[in-house]
Amino acid sequence: MNKVVQNAQEAIFDIQDGMTLMLGGFGLCGIPENLIEALVNKGLKNLTCISNNAGVDDFGIGLMLQGKQVKKMISSYVGENAEFERQLLSGELEVELIPQGTLATRCMAAGYGMPAVFTPAGVGTEVAHGKETRVFNGKTYLMEHAFDSDFALVKAWKGDTQGNLIFRATARNFNPLMAMAGKITIVEVEELLPAGELDPDQIHTPGIYVHRIFQGLNYEKRIEQRTVKPRQD
Amino acid sequence: MLNKEQIAQRIAHELRNGMYVNLGIGIPTLVANYVPEGMTIVLQSENGLLGMGPFPFDGEEDPDLINAGKQTITTIPGSVFFDSAMSFGMIRAGKVDLTVLGAMEVADNGDIANWKIPGKMVKGMGGAMDLVASAKNIIVAMQHCSRDGKSKLLSSCSLPITGLACVKKVVSDLGVFDIDHRGFVLLERAPGISVETIVNATEGRLHVPDQVPEMTF
Amino acid sequence: MNKVVQNAQEAIFDIQDGMTLMLGGFGLCGIPENLIEALVNKGLKNLTCISNNAGVDDFGIGLMLQGKQVKKMISSYVGENAEFERQLLSGELEVELIPQGTLATRCMAAGYGMPAVFTPAGVGTEVAHGKETRVFNGKTYLMEHAFDSDFALVKAWKGDTQGNLIFRATARNFNPLMAMAGKITIVEVEELLPAGELDPDQIHTPGIYVHRIFQGLNYEKRIEQRTVKPRQD
Amino acid sequence: MLNKEQIAQRIAHELRNGMYVNLGIGIPTLVANYVPEGMTIVLQSENGLLGMGPFPFDGEEDPDLINAGKQTITTIPGSVFFDSAMSFGMIRAGKVDLTVLGAMEVADNGDIANWKIPGKMVKGMGGAMDLVASAKNIIVAMQHCSRDGKSKLLSSCSLPITGLACVKKVVSDLGVFDIDHRGFVLLERAPGISVETIVNATEGRLHVPDQVPEMTF
């Protein structure tokens, strides 16, 4: 039971060209910054990335797009990224857009061993093309399949040496779902603690789902839309 | 004609104490500014938060705490964080009482199009398809006509649709409309807007009752 | 937004004969003691109870069986209860036994708006009789439907006035799943706090799923199998 | 013949460092007492716990902390609690490395019956059907024959089955058996038990290799 690795580079040693990766985060919130940097440095190519968004031009998955590492994105929203748009329009990049709840639920299905789930999202739209529909209680649902990915790359707030994870605020988002869904799950945490330091009642992801864990460095946590209100004083 | 703030203000009349509400990006977000005094509503943000508070004070932004529009926000007493599967689970199970969305087009059977303009950049549907497919009560905030004067309240959507037969009410810059078997049912006129103006601006089936009051704020 | 009621009696005011109730707990661990007592006192009849177990002769759902209030039990294991056995063999009580994971997942499906789920549990057994099967990736699954219940009766450790809940240790079990699944969800807690007293990162059940909440009294928390090891000293 | 403790002790040889293991009620529970020195395994209890510790000291029982057999237990550093859906989710997703169960009957194709005896009281399957349908590796701990001498290693189960073609290995009081296309494959004999005794006690197809060592502890 040795899940702790030294850093992102060591953690991704066996990720190869052409693989399918899940990457946690919503926008730039809760993304695995260290792991993305390691993927960029390693120069892997032809990756399929399952992630709600595709980062911005110069941060997050945007960095992988800059390096033309991504063959296909499976996302719900990709509108923050000019390089993304260029590659899409030029045909360099494949994109599969799916509803956000479908994305989340297909991750959960993988983590819970459910091969398929039913959702009404996308019924009657182009998302439904080629998919099986089914009526329950008079309402139509699409059958959507669990994701099948080689690796899940996840960012948590705190973790322990057994791989137990706690997320913080809305940086939770897709992270615990993808943590459950990867054939191999790699987690970077802001703080890595000895087993026993986390309250067993308050762990979001049990370590049984986690294969490798390390403490990340130099978190930038860039904000996409800084919205504030003026101070009264 | 109503401006965006007034559309939001009118939609706020639909709020009831204790409602759980999901507000989409754009005009719907503004609705939060018009919650009546003394009323408690709980805002759901589909990226994983119930109990969304106002923007933070300058300098107190938390990069781990954003809404579905990726804006920095705050929590309030009673807030809860959860993952995206539970977030859309509660949406799909009908636990959110009211959803307010923007739209490019709405059809007189309640179809909505708000995610894609073919030939232009496609940004993706985000959570919109999940919301429209599951919400019990959907109100759309929208401009009645495009900039070149074409109606966006249609007999059928021309753009790729987001969901079928789901919109219950539309608040446009010209008026308030229910959608039922009669099509768009004109409930209220914007101040100074005549029924005739609305009839001319509406391509879809429009039912005009005998009395159409002007809206009040 | 007034979810707080005074006590169990007030909380169940509109539960009627013949309704379907979900009751949280595993064995006697984490059962809604106050609510069960109120159901017994009210003398409701012909209830259908969805609960992993049926209590013991003189505690938990066993008290409802003593009062012949239960028409049908939907459970995974009912072996701790002699009165249960008597009523079953005499034909007074209907019982539907389903796998424990199927029970849990059908609750979750209801709470997540998924009309049906697929599980391999029970394939090829008498549990599969009359159920649709489907093969995914060479493995056979049963299609199981979300539960449809009138009320969910739940026991949590701490809760706040908005209905947010935290469970403790293995008293969590089916409670958060049933909390999500009830058309109306009633929760008794050991400690009821003002909104804002619970850490938003550590809430197991968001209040949106909870309709009524009260602070329970006089918890007995009976232990079914007291197993201990001797002290060394 | 092995006694219950010895069956558990032999099964403990199958443990590997870092395994997540679910132990059923009865003999399987005893396996926890024979984890080799220096090896770490994590016990999953399907009522919602990873990292099950030993029984508490007298007077320190916590009624909120029990295992799937409803026994009072303790946690260890690194323990986690979760709900029953996640518990069976991780079982269904194949995250539990080894499952040890008791059985009333096992067939030579791996079918198992361990939940019901028609005509007698039916207690229910609990989590057994979920476990056998999903576990990657199932070892059965059982008595080879019933009290009246009938084999419980059969060509097909006579009792209502719990799951199909799922058992990979059987440790009985007479020996250790793999199950593959040849049926029961005799790997080891219990001390002092002859191959002939095992052949006579096994109703299902039995493959006997040339060499069948006596098991060691």
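Per-chain residue numbering starts at 1, and chain names A, B, C and D are given in the order in which the chains are listed.
Throughout what follows, a residue touches a chain if its C-beta (ideal position, glycine included) is under 8 Å from a C-beta of that chain, and two chains touch if they have at least 3 such contacts.
All figures in this text were calculated on a predicted structure; none of them were measured in a lab.
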Task: Compute the distance, rounded to whole Å, between the mean C-alpha positions of subunit A and subunit B.
output: 28
Task: Round to the nearest whole Å and give the separation of the Cα centres of subunit B and subunit D.
output: 56
Query: Just how far, in Å, is the C-alpha centre of subunit C from the one of subunit B?
result: 37
Message: Residues of subunit D that contact two or more other chains, please.
response: 75, 81-82, 85, 88-89, 91-92, 134
Query: What positions in subunit A touch 2 or more of the other chains?
result: 105, 112-114, 119, 167-169, 172, 200-201
Task: Draw the chains as points, connect those that touch, then say whether the picture is a line, ring, star, complete or other.
output: other
Message: Dump the list of chain pairs that touch, please.
response: A-B, A-C, A-D, B-C, C-D
- request: Can you check the complex and tell me which residues of subunit A touch subunit B?
  value: 26-30, 52, 75-80, 85, 88, 95, 97-105, 107-108, 119-127, 157, 167-177, 204, 221-231
Message: Give the list of subunit C residues in touch with subunit B in this complex.
response: 1-2, 110-114, 160-162, 164, 180, 194-196, 200-201, 203, 206-209
Query: Can you list the subunit B residues touching subunit A in their complex?
result: 45-49, 54-67, 69-73, 75, 81-85, 87-89, 91-92, 121-130, 133-134, 160-164
Query: Which positions of subunit C touch subunit A when the two form their complex?
result: 105, 112-119, 136-137, 139, 141, 145, 166-169, 172, 200-202
Message: Touching residues of subunit D toward subunit A in the complex: what are they?
response: 17-18, 20, 40, 42, 44, 50-51, 75-82, 85-86, 88-96, 134
